[in-house]
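Heads up, the next two complexes both have chain A, just with different partners, chain B and then chain C.
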Partner chain A sequence: MNKEEYKKLVKQMSPKEPKLRNAIVAFLAGGSVGFIGEVIVRILMESFSLAKVDAYAWLAFIIILFATFMTAIGKFDNIVEKAKCGLIIPTTGFAHSVQSAAIDYKKDGLVTGIGANVFKLAGSVIIYGIISAFFLVLLKVVLYG
Partner chain B sequence: MYLKAFIFSGIVCLICQIVLDNTKLTPGHITSAVTVIGAILSFLGIYDKLISWAGAGATVLIANFGHMLYSAGVEGYADSGFLGIFSNLLCKSGIAIVSVIVFSFVFTLLFKAKD
Partner chain C sequence: MASFKFNNIYLNDWLTLMGPLESNSKLKKIDLKMDDYYFGEKTFEKAEAKMQKVVIEKILEKNKLNYNNIDLIVGGDLLDQISATSYACKEMPTSFLGIYSACATFPESLIIGSMFLNDKNIKKVLGITSSHNLSAERQFRYPVEYGVPKPHTSTFTTTAGISTILSKDEGKIKIESATVGKITEMGIKDANNLGAVMAPAAARTLYEHLEDLKRDVDYYDLILTGDLGCIGGSIFKEYLNRKYAIKLKKHLDAGCELYLKSQETYSGGSGPACLPLVLFNKIIASKKYKKILIIGTGALHSKTFVNQKSPIPAIAHAVSLEVI
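The block that comes next holds the complex of A and B.
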């Protein structure tokens, strides 16, 4: 059996991802994050009389606190595994990737473990976010002054 | 508004899930792409409209990270010119970066890995 045949066989044998179910779960989970976020923003605006911009900033803070804590106590991995993009695309995914990398590499020490590895996954979000934002700002300056 | 938030963030996650399942891209590729798309939508002036339509449904997404970077960069240029882009770019999204570093560091010291 050559490599190509082997690959074909593996593809046939490996279980098919239930795409429709994944999509529905991602929709419901992602929607719930947005819904809960909206509830938190309303509570912050009405109970603490925050401006809308500040309420959104607090919301980002609360989401990250929640996601890092749940990941640290080991409750979040299973949920992300099930909800997939429903929790990866919201800010929860960003916080989850940093926290899980930190806790996985803790055994390698403070500098070579945690320090070197926390942004292994979230680093690309920061890098490409900054690169794209920077050049778009330049483009805007060149086009519109 | 609650329903709009649910529908908007749900649909974005749904699209990303379909892309994830039908291509060879990893979740890392998709989150990076969504961040860049957020910056582009912000550049086109669409993201502000999305936030006023869907509220938190748009701000909970990682695309909002790109939007905050871009809008902070534009404000920095307006305030203090070219160097202002550099000094200001992270000032809004700094909340996300700093809080994720602080929390993950503290929690990592407090909790053990579960295997």
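The block that comes next holds the complex of A and C.
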């Protein structure tokens, strides 16, 4: 049996991940976060008479605080297990990755631990986020002036 | 060829210390257990070193021995530079050999220990190994609290510390023969499917063991593979049948025999401590088997090489045990 045949055997014998089901779960979970966010924004705008832009800033703050807190008490990873990537892709996932790295590397020192590792997972989101934002703005300027 | 028979080498005693999940699993017997993953220490790495220290101290105490009675310590673990073992043994006035072959460390320690015992100056060898779910998780995967959906083929690192005493004095288990495996790589790059990475190495070692010693697979009452997991275990059997035409009936995989389904450990347990934990606290405790061939399987997995898109090499060492 050569390597190619073996790879086929492994593929055949490993259970298939329920990709469609995971995607639907993630869609619903992520969608609910969006829905709850929208409700919070409406409440902030109407009950606290905030401007739309301020309400969204407050919303980001609330969602990040929630995800960070749930990570700190050790519950967020259990929710992710159920909600699949629905909670990893939105801001909640970003906050979670920073917080979980911070907890993990706290014991390795302030500089060599937290400082060096806190963006271990979130670093790629930041760098590629900035690069894609740059190109999107460039495109906008070229197309619409 | 690297198979050999041993004369009068015995596994006199063993001691296991297991984590909270393992003490509520399919195991039949509990020696020592810990209630949380910190084990009174500040970090998981220090906890793992302490686990090893405790199993060494307790096994010496149980056998009324002290460090001067031990001529050599042979052991290793999963952490970088096998640091849990080095830290566990740093205060012990005993000669020390650190070894690494990932989850095949336990049979490797038996083989090296038995070889040393052939020398008349070496009377007693102490073997140790450990793995800790959260220190392994930190090192090989993601931060402990980071949640990420895992595929069904992934395995769960066992938390346990194991110590063994080997000598020429007749004891509970005879170390009858062994085969040192060869590094095998079949092009699998998926670090979430280590069972598939290790299965060909296990099959190769089993085949060579049987060929070298001119034995039939039915010679053994049980073939116990290390930590292929439930999925890896079935790939192993299929591969063995297709490549070497060996039909395996009396086979169990330690990874698959450890956790309950409700414990959600995907394909099963893994880690250097998985095989000895199941061997001692389930297989031997059940008193059903006499001739057991253990095949420890190690994925020689490096994060750097995996990121550089290299396939993962694997190793498997086999040791034949006879329960007296």
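One rule holds for everything that comes next: the second predicted complex is superposed on the first by the 119 of 145 C-alpha atoms of A that agree within 3 Å, B and C clash if a C-alpha of one lies under 4 Å from a C-alpha of the other, contacts with A are read in each partner's own complex, and residues count from 1 in each chain.
Throughout what follows, a contact is a pair of C-beta atoms (placed from the backbone, for glycine too) under 8 Å apart; a residue touches a chain by one contact, two chains touch by 3 or more.
Treat the numbers as computed from the prediction; the structure is a model and nothing was measured.
Chemist: A:K107 in the overlay: touching chain B, chain C, both, or neither? Say first, second, both or neither.
Modeler: In the superposition, A:K107 contacts both chain B and chain C.
Chemist: Of the partners chain B and chain C, which touch A:I88 in the superposed model: first, second, both, neither?
Modeler: In the superposition, A:I88 contacts both chain B and chain C.
Chemist: Between chain B (first) and chain C (second), which does A:G74 come into contact with in this model arrangement: first, second, both, or neither?
Modeler: In the superposition, A:G74 contacts both chain B and chain C.
Chemist: Taking the superposition as given, does A:N22 touch the first partner, chain B, the second, chain C, both, or neither?
Modeler: both
Chemist: Which of the two partners, first being chain B and second being chain C, lies in contact with A:L121: first, second, both, or neither?
Modeler: After superposition on chain A, A:L121 lies in contact with both partners, chain B and chain C.
Chemist: Considering only touches as defined above, state whether A:V41 meets chain B (first), chain C (second), both or neither.
Modeler: Only chain B; A:V41 stays clear of chain C.
Chemist: On the A-aligned overlay, A:Q99 touches which partner chain: chain B = first, chain C = second, or both, or neither?
Modeler: both
Chemist: Once chain A of both complexes is superposed, is A:K3 in touch with chain B (first), chain C (second), both, or neither?
Modeler: second
Chemist: Have a look and say if chain B or chain C is in touch with more residues of chain A.
Modeler: Counting contacted residues of chain A, the larger count belongs to B.
Chemist: Considering only the contact definition stated at the top, list the common interface residues of chain A for chain B and chain C.
Modeler: Touching chain B in the first complex and chain C in the second, residues 17, 22, 71, 74, 84-85, 88, 99, 103-104, 107, 121 of chain A appear in both lists.
Chemist: How about chain B: which of its residues touch chain A in the complex?
Modeler: These residues of chain B touch chain A: 1-2, 5-14, 16-18, 20-22, 27-28, 30-32, 34-36, 38-40, 42-43, 51, 54-62, 64-66, 69-70, 73-74, 77, 85, 89-90, 92-93, 95-97, 99-101, 103-105, 107-108, 110-114.
Chemist: What residues on chain A touch chain C, complex-wise?
Modeler: Its residues touching chain C are 1, 3-4, 6-7, 9-10, 13-15, 17, 22, 71, 74, 76-81, 84-85, 87-88, 96-97, 99-101, 103-105, 107, 120-121.
Chemist: Chain B touches which residues of chain A in the complex?
Modeler: Its residues touching chain B are 17, 19, 22-35, 37-41, 56-57, 59-61, 63-65, 68-69, 71-74, 84-86, 88-95, 98-99, 102-104, 106-107, 114, 118, 121-122, 124-126, 128-130, 132-134, 136-141.
Chemist: Note which residues of chain C are touching chain A in the complex, please.
Modeler: 42-43, 138, 142-149, 151-153, 186-188, 193, 196, 200, 231, 234-235, 238-239, 242-243
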